[in-house]
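Have a look at this one before I ask anything.
Here the chain labels run A, B and C in written order, and each chain numbers its own residues starting at 1.
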Amino acid sequence: MELKDLPYFFSLPKQEQKIALEALLFTMEEPLDINRLMKILASNESNSADEQDIIEYELLDKIGFNREYVKNLINELNNENSDNDRPFRIIESGGGYSLVTSRKYGKIVGKINKNIVRRKLSNANLETIAIIAYRQPISRPGIESIRGVNSKEIINGLIDKGFVRIIGKSDAPGNPYLYGTTTDFLKAFGLNSLDDLPKLKELKELGFSESEESGFTLRIEMEDESKQIDEKNVPEA
Amino acid sequence: MYRIHLPNFEGPFDLLLYFIRRDELDIYDIPISKITEEFQSYVRVMKLLDLELAGEFILMASTLMYIKAKLLLPKPKDENGEEIEDPRTELVQKLLEYKQIKEASEELRHAEEKNLHYHERKFFNNDESAEVIYTNTTMFDLLTAFKTAVDRIDNAIQEHVVELIPISVEEQKVELVKIVNMRGRIKFLDFTSNKPKSFIVVTFLALLELIRSNELFISQDDLFNDIIISPSINLN
Amino acid sequence: MELKDLPYFFSLPKQEQKIALEALLFTMEEPLDINRLMKILASNESNSADEQDIIEYELLDKIGFNREYVKNLINELNNENSDNDRPFRIIESGGGYSLVTSRKYGKIVGKINKNIVRRKLSNANLETIAIIAYRQPISRPGIESIRGVNSKEIINGLIDKGFVRIIGKSDAPGNPYLYGTTTDFLKAFGLNSLDDLPKLKELKELGFSESEESGFTLRIEMEDESKQIDEKNVPEA
């Protein structure tokens, strides 16, 4: 038994493997647990990281490219970065590995910048808050039926950020909470009241009514909703 | 139903500019009858192939006819006896404006390639102590996000009938060159007869690219006759 | 006149200043323009960076701690990182400085994790974004009159990609939306601002042949437009 191809990552010189690992974690959207990390590193250029079954872990293990090897790379990298007074370290926390500033430079940065953090809402955040803004009061199942993905974390995050609050309970089975937007939401988006939200009818320009092949029913539903929102004035705290 | 966006010609302006460049025409003095014929034969070929042509091409064909007709009439003069504006002026301006953007977008392509491998940091731990200002919170950002979300349902509702095209344009280009070089010349309709529509489309697109890059040469005895494809020999 | 206290950053040894700068940019989610960067670096532990009046720029300048000094630090850091095969670089793009992967390691990471690879834009996309970039704010009819083809789907696709956004509404009949480019567009094309867009060729340079014997003179009304774009600075959120 032999490996068809050594995965690209493991074919690199060891020193480049370490640096590539650092760069990889830099570009990741969330901490990577060792399983996902292995999956990514072991995938070949030809196969996607999702085709796990193609990846010949056992064969890789046999020639020494296993979790221990990768953990060891991380340790070596951290030691080298420490020896050379580099500002970044790989740590394991929050369910996986991520790249952070070293303690020394974290402190220094903290002293330099006690500033306001400028941030962008992620698309998922923006999308969820838009749905809540237009469809409030709306339950989590309602939000998820539009987004098509589990949105619990996102909703909680928006509550933490102060953009969303619970405004009641639904009569639907299970009595899920109903969510609505807050005054902080209005402020952040520069709106005086929910009446200032761009009307759904204005979405026409964005391509609702003109797409010949697309859901006619959806269009009708939406037009009703825009009326609803016009008439309804969701109370604001 | 097919709606063809030709990969080579982004629209009628692009096609016209192609003719102008190929025949080294003076853009400020476009020979309207020549170019109208070229344009119409292109449109005819597309129709011959039973491809649905973007309406803009048809519109351009009639605009060209209109300009041609106007040029045939005696030139109107204003009260000072000076000739009134050339009927081609508007078209030429549009062509120049399009060309200006087209050339700029080629420069942007280089910039894009240069920056393709700069990746940003994606994961930021939430620092609770800091005051956060969100920079992408305008009414329009909200609107755009909502539109994206609802579009997704829109797409999910649609039934997708995707016709699998077994060959790519790239593959067909290689194949065409091989066959033409082997047989000396082939007739397009012969070559594609009894073939599925997808095959015809791919072949036609491959052919267009090959003609553009001067790898193949086509000729037609008459506008409605079959297209003869031959290896590119400099016939001029 | 003397400085009460040297700002913390400038009191560090030069080598640490460089590394602190790298660490600082690592913590920034948005590009940091030179003015804000100077404000942060020149602020003292005791004062917040917003109290700009307290910061004694002139005095700092006198002892050599000015923009040139900081730009020089960035250059030196980039050179050192390049010499030592480090994976990060500071680039100026999208309105300021940000820390990104080097080209070499960006490519390597893209091979390991294909999900982060940006696809090149199609010609139709590129053409449309060029029109929007040069002519913004511009409406869909405006875009279509230049391209000569219906561009609804392309525009919406560019919005999805995050390169284009609605920046207002036109006064023209039907009040169509006006589109403009985003910071993500600038970043993807390595532009610091719209002023960095490649200059449009003069119309005279665009003619295909030099022979100007034609009997018609054309009234060219477009020559001013390229100037307009240089002067106009479309606001970015």
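We take it that a residue touches a chain if its C-beta (ideal position, glycine included) is under 8 Å from a C-beta of that chain, and two chains touch if they have at least 3 such contacts.
Source: prediction; values computed, not measured.
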item	value
Chain of greatest Cα-centre distance to chain A	B
Closest chain to global C-alpha mean, per-chain Cα centroids	C
Centre distance in Å when chain B and chain C are each reduced to the mean of their C-alpha atoms	30
For chain A paired with chain B, centre-to-centre distance based on mean C-alpha positions, whole Å	37
Where chain A and chain C are represented by their mean Cα positions, the distance between them in whole Å	24
Multi-chain contact sites of chain A, meaning residues that touch two or more partners	23, 26-28, 115-120, 123, 206-207
Chain B residues counted as touching two or more neighbouring chains	119-121, 124, 135-138, 140-141, 143-144, 147-148, 151
Chain C - residues contacting chain A, complex	8-9, 12, 15-16, 19-20, 22-24, 26-30, 40-41, 43, 45, 48-50, 84-88, 101-102, 105-106, 108-109, 111-116, 140, 152-153, 156, 159, 162, 176-177
Residues on chain C engaged by chain B in the complex (per definition of touch)	26-27, 29-30, 89, 91, 93, 98-101, 103-104, 106-107, 109-110, 116-118, 120-121, 123-124, 126-127, 129-131, 133-134, 145-150, 156, 159-160, 165-168, 187-191, 197-198, 200-201, 203, 206-209, 211-214, 216, 218-222, 237
Chain B to chain C touching residues, read off their complex	5, 7, 10-14, 20-21, 24-29, 54-56, 60, 85-86, 88-89, 92-94, 96-105, 107-109, 111-121, 124, 135-138, 140-141, 143-144, 147-148, 151
Touching residues on chain B, where the partner in the complex is chain A	119-125, 127, 130-158
